[in-house]
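Below you'll find a set of structures to go through.
The following pair of complexes shares a single chain, chain A, combined with chain B in the former and chain C in the latter.
Let's turn to the complex of A and B:
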């Protein structure tokens, strides 16, 4: 009996597994599509050092359930010949390589296109200019079985002169989805995004309302540098591919040229450990490859180079928090770079108290990973778990106070628990940084609260003392026949001179 | 006894006026001018500063002061309350008038929540000036009543305490103004309870047994205690006490006999130093066959209070400890009226005469 094998294209695979990409139901799909397009837009600006100006509109389409999502950015634009692959080929992306980015695999945007196509049978419409006075405009569909984009017109015929020069990309997506049920999540997503991207302008309009997020700072986070993989951060499959793409003729040559923190000395030791001296890296058998992999894993390295990371920084994070919540108190901290399993990461955190922060039964938690807000599965997230582990009462802090906590994790590889990018797994190294950061913030808030309390008590104390001073002055005036006003003024002088220095409360004191 | 003792003396109106004005008002104004926290020094009247003086056999107040200052949220209210009461007293002294405790409370009621607050401050000021409350021209209404062959002169009127029917002489708050003109009695009988007192009055006990009957109607007030003390001191008559057979009975006896914590600075002029506890003793319950149904079970509170008083130094005598042991063992107490179970006149015709005849008392 002959078995029948069918090779599935990546597009086919993702279509069948759309749940993992966040497109499993019409509500979630509406939210995910908007999110993916906004993230691509932001990346297109930030990666090129451009302050983002983003416009998002959501309109009703022709039929009842059809929605038209339009996202326009002022990024560097996409060269016409690359546009079809960018939007019409799953697993095609400018986003490979070891650097921190919002998106991964370039999958999300294409998934949105794919989902739009299968629900409305309409292509995605793309307009883009790299700022040379010309722009490309085309419709793109995906040939799902072959994982090939179909561009109409083809790139070479899609160019025309712009009315006025611009750069950026405008994507119009048709999608059958339940937007009305998803819109609250969308608003939430945008508000959270504004916290971690205080340098963006974003106009959002849907049939219900218009939201405008205004740039609060001209400062963009430092651009991340692309770095080589850290040897602890690769899996066997990546190693195989790296060898395939390498031109090195010796294993030591491959190792030193492909990895960071791996010098000739270490490379030699690894090769010896794996007993692969004098082997050609391209001719390794599976068994030998596994030996090499194991030898690499059994070696100690310096922590990975964090220069590929682009955290917001304390100043920007705090600015974002203040901008969106206008709190009475806000503070942010950034932890030094650390690594887990060869992946560098940085945790930055903020805390906001009072003002526009509402009091709820529990702390408000805002989670971000590589500048993406995480809105689902909060309870399982590492931040949420760390918050539950901390004994807040030690800091005089109670969960029902108006407190918002912001946790931003940046990494070349965020350890998401699911492909839907909803929550970060409990990685001890990350949990530890979150905990240290939270404790530092808790101490700062605690200090602020106690100062505030002291100031309040001092004020109340003065008020109380002066109330009694009034009565006392009247009595002294009555008995000693002196001016009441004069006595009262003496009291005022005394109370003001000693405010803060005298104890509060207590009984009659022994002499 | 170590340290200086604070003993109240009667002082002239002028002296009180001068001292009060200085301590409560002038000093405050001077402090304010020097940018200093004004302080009024008040003697501490607490179980810690009140001590039993075995030599004099009374409780006395050790001279120890607390600072009642203005710049302290815990004190400022009492500081101003003290000035308020002092201002009222200054006014009374200037006008040479007297006032009741309640008058003082109402005079500046905006500063007080309860009369207990102003009452307490009056005592503070009396102690601070080392004088009696009467010297501040403040008097407490008295609950005390007296019946017997005794004539007193009060503001020129001579009152015969044997000719006042069953109501008797209501002891005046100004008990020091009484003058004892004439008497015909062998002893004083002080009865805790009004009910028992009425029983004895109706049975004309005072006539048959040549005595003066006094009741403080429960916990004795200052005037009643001072009255008993003067009868004992000036007429040389022995004083016997008739109280309930419970921990409070012993405590009431102790107050007549040795003074109280609140008025410890006046103990020497209030305590009747040879008062004898005639009854009702816990041991009398069996001795006089008080039936079980007329006895009561001690409450938890009674038992706690018993533990407290049995540790008092002046209750260490074996006679007292034996009575405490009985209460502790039986867990029983009884009111004086429990004797009525043996007959309505049993108290006056049998119990008291027999106790007196047998000299069956403790002290």
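Let's turn to the complex of A and C:
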């Protein structure tokens, strides 16, 4: 054989291509490691209905570039027997269900462990308790070539009685990285996370400062539920798997029992369109499966069931924006649920104008995905691209006005373009919702701006007219022999009725 | 157990996260599929010292959105027994060696097959011959959940005698995609590929047009050689693996036999620095390995051996730029070889000014990586970021001048940020070389521009002075009673000596 063919383990692959997972360089690695651990901590709480109490410390390690990152949560804890895989095996996760979560790739935490290992040669140290009075404590390394965890001690020997009962997980990671250059981004990340997770307590400490985020509400958002696939955009592979997992004997039975928003009538129409009456779904030929797929594709469905999603809501989003910028004008909008490739999603957007919003050459854009702030590669993100497509001048809006735009996408599956979760891919369905939402906000801002402009013009006109009020009143009162005050009041009323009754400060009317 | 933990196959993972691999949406999928197949075709030729003859056809399939992409090369062919894995298994490749190649992830081709399968339910059709008078022909599908290929017929039954001997591979892919919206990018991709692979014949045909690229040279670039790792930036995992694969009994022996550019003297210094004299490398403790790693990290090495790389060269790059734009000024530069994370790389850059270069609000940037044109996500690319960091006004250069910048990075491992090869991550070592190269080009362009400006000023001055030459000469000749022509010549010589002797057209001197 002329060439040498090799298969790689997933861990080996991501070790070699770590830029893809957000570990490009020592600066980004520091940021990504902290972010991945914090997100795992938040998920471990929220998914189990626990109000998050998170502690994060970043300390200098024993040698120059080494840093120790410790993240402790009060989540549900990880059963001892799966701790090694959770931290030492790529593509292993509790997060693959059809429900909204921060993490989903099954690799963020493990990539942090891997990066720590290849730069410091040290294992990650994990303590965890599921709240049964016992806790597991172990060191974990990764056999990268085999994608296998090495736990010392092994889970069965890692259990001991807790001093006092607790539940949660504490992770201590050793990593060689350029934390000082990454820390501003880390602070920014934490601040924005607090905006979209106001129910979280988080205590952060590094050698430079301490940040404390206190929860503003005791109300955890409704726990998203796992749901069936939505039929919109489902591909052939998913369809094939669903058929294999279904016990239905007819295609209509399969469709109605496997998908949400697909009732008997729609199912019947699909079957007729595909000409597959009286077929057993498990005995479809390749061609017949294709027909079913095409018939499903050319059918319209009701909007997906949003109970698998946990958006922030218009109120909370607007409140967050106002708290952040104290703007002159703020508005938020939530788009109805939609689906792409079978995954339900919701887009929420907000716009803020003036007040504390700085004027920059371009709109300030804040992006969130499943409550994760996205801080890198903004220009390539779907939101950024949609913003560039819109002709803002139609709305009397210019990019250098003091405007901040917030886009939050929640989905059972965010189509990130990179495993480092830097930005969202251009998915036409998502782009469309962002565009509609932005246009709605643009119209509202436009209305506000033109009202403001009209008010300013009216104010100026009124000012000019009122300048002469006293003088004119005196004149008129002399000519008509009526009380000057009466004339003055009449005059002012007249002016105000013409200019729309803008309230004007005392000083101006006196001048 | 409270939660449900699952492991995923790599194929399953990339199926779910296909945006990461460049298959975000039906437009991008069309582009990515064609690109991946063309790159595999080129690699199959170049790596075996064969001048590429590639044929690409894109045709409409049997139903609305279906397209048939056929790519045929005259490369070395694929042995029948590995054809199924090459097209039907993710992370399986002949391309993992330490040598420069276009493809490297071991997944581009398979992702195209996977995307075709989930949208059309059709297998990819492959014909290949290694030139032995026989050829294999089979259909391949992917069992995505198991990451296993399904070949019909299986390799042992897929062989037949060729009508006439040939070598190469022909791939026919069925895919549902929005090709009409992708085609402009496909044309652009092919044109730029032709610029950096002038030794290639490529015939492209789609329903809209035919493009024929004829080779400009019979000279294939020197075949890059596989080389040992360079010690700069090697991480602990690689170090550990190299020790495991080494038969050396001393650390100096291990270092000198395993790395390039690491002689006995440097090895001795490293061992002394790490205080690991008389140690057997295979018996190092974790702490000792860390010491060795740190000592290696704090050592300076000679530049890496470039024989594993196949850059274009300054001549060819400049010629390509001139052919593309016929500019007023063009210059190219190649930086010396460097290494990041143990991977050697070379950066080549060119700049073009004026002539056919259009003036746009920003510099026109053309990016190439291992001879692949990069057409997406320019703003996030390391080159784009370096360009934004440079203070161009220092060089008298403004972004809206008619300037085109070309950056070509070649490496045994391009640190792409996405598997779709959209853009290169910000690796400090690479950024530094790009910056130095750009500054050198900026200085050269700056010099040209100031010379041009000086020449223009001088020309203007000369014009003004010469305007009066005839008149003055006549006057002087009358006063001094000498020949008018003599005075005139003297006068012109005098003016020219002052203004630097700019050549001026006849009309001007006459006026």
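In this section, the second predicted complex is superposed on the first by the 309 of 511 C-alpha atoms of A that agree within 3 Å, B and C clash if a C-alpha of one lies under 4 Å from a C-alpha of the other, contacts with A are read in each partner's own complex, and residues count from 1 in each chain.
Criterion: contacts are C-beta pairs under 8 Å (C-beta built on N, C-alpha and C of every residue); 3 or more make two chains touch, one makes a residue touch a chain.
Not measured: the values here are computed from a predicted model.
Of the two partner chains placed by the overlay, only chain B lies in contact with A:465; chain C stays clear of it.
In the superposition on chain A, A:494 makes contact with chain B only, not with chain C.
In the superposed model, A:426 makes contact with chain C only, not with chain B.
With both complexes placed on chain A, chain A has more residues touched by C than by the other of chain B and chain C. Looking at the shared chain after the overlay, A:217 reaches neither chain B nor chain C. Of the two partner chains, neither chain B nor chain C is touched by A:307. Of the two partner chains, chain B is the only one touched by A:482; chain C is not.
Interface residues of chain C facing chain A in the complex, by the touch rule stated above, are 1-10, 13, 15-17, 19-20, 24-25, 28, 47-48, 63, 76, 79, 82, 85-86, 89, 91-94, 96-97, 105-106, 117-122, 130, 144-145, 235-238, 241, 286-287, 289-290, 293-294, 377, 379-380, 413, 415-420, 422, 425-428. Residue ranges of chain B in contact with chain A, taken from their complex: 21, 24-26, 28-29, 32-33, 35-37, 41-42, 44, 64-80, 83-84, 86-87, 90, 111. Interface residues of chain A facing chain B in the complex, by the touch rule stated above, are 461, 464-465, 468-469, 471-472, 475-476, 478-480, 482, 487, 490-491, 493-495, 497-498, 502-511.
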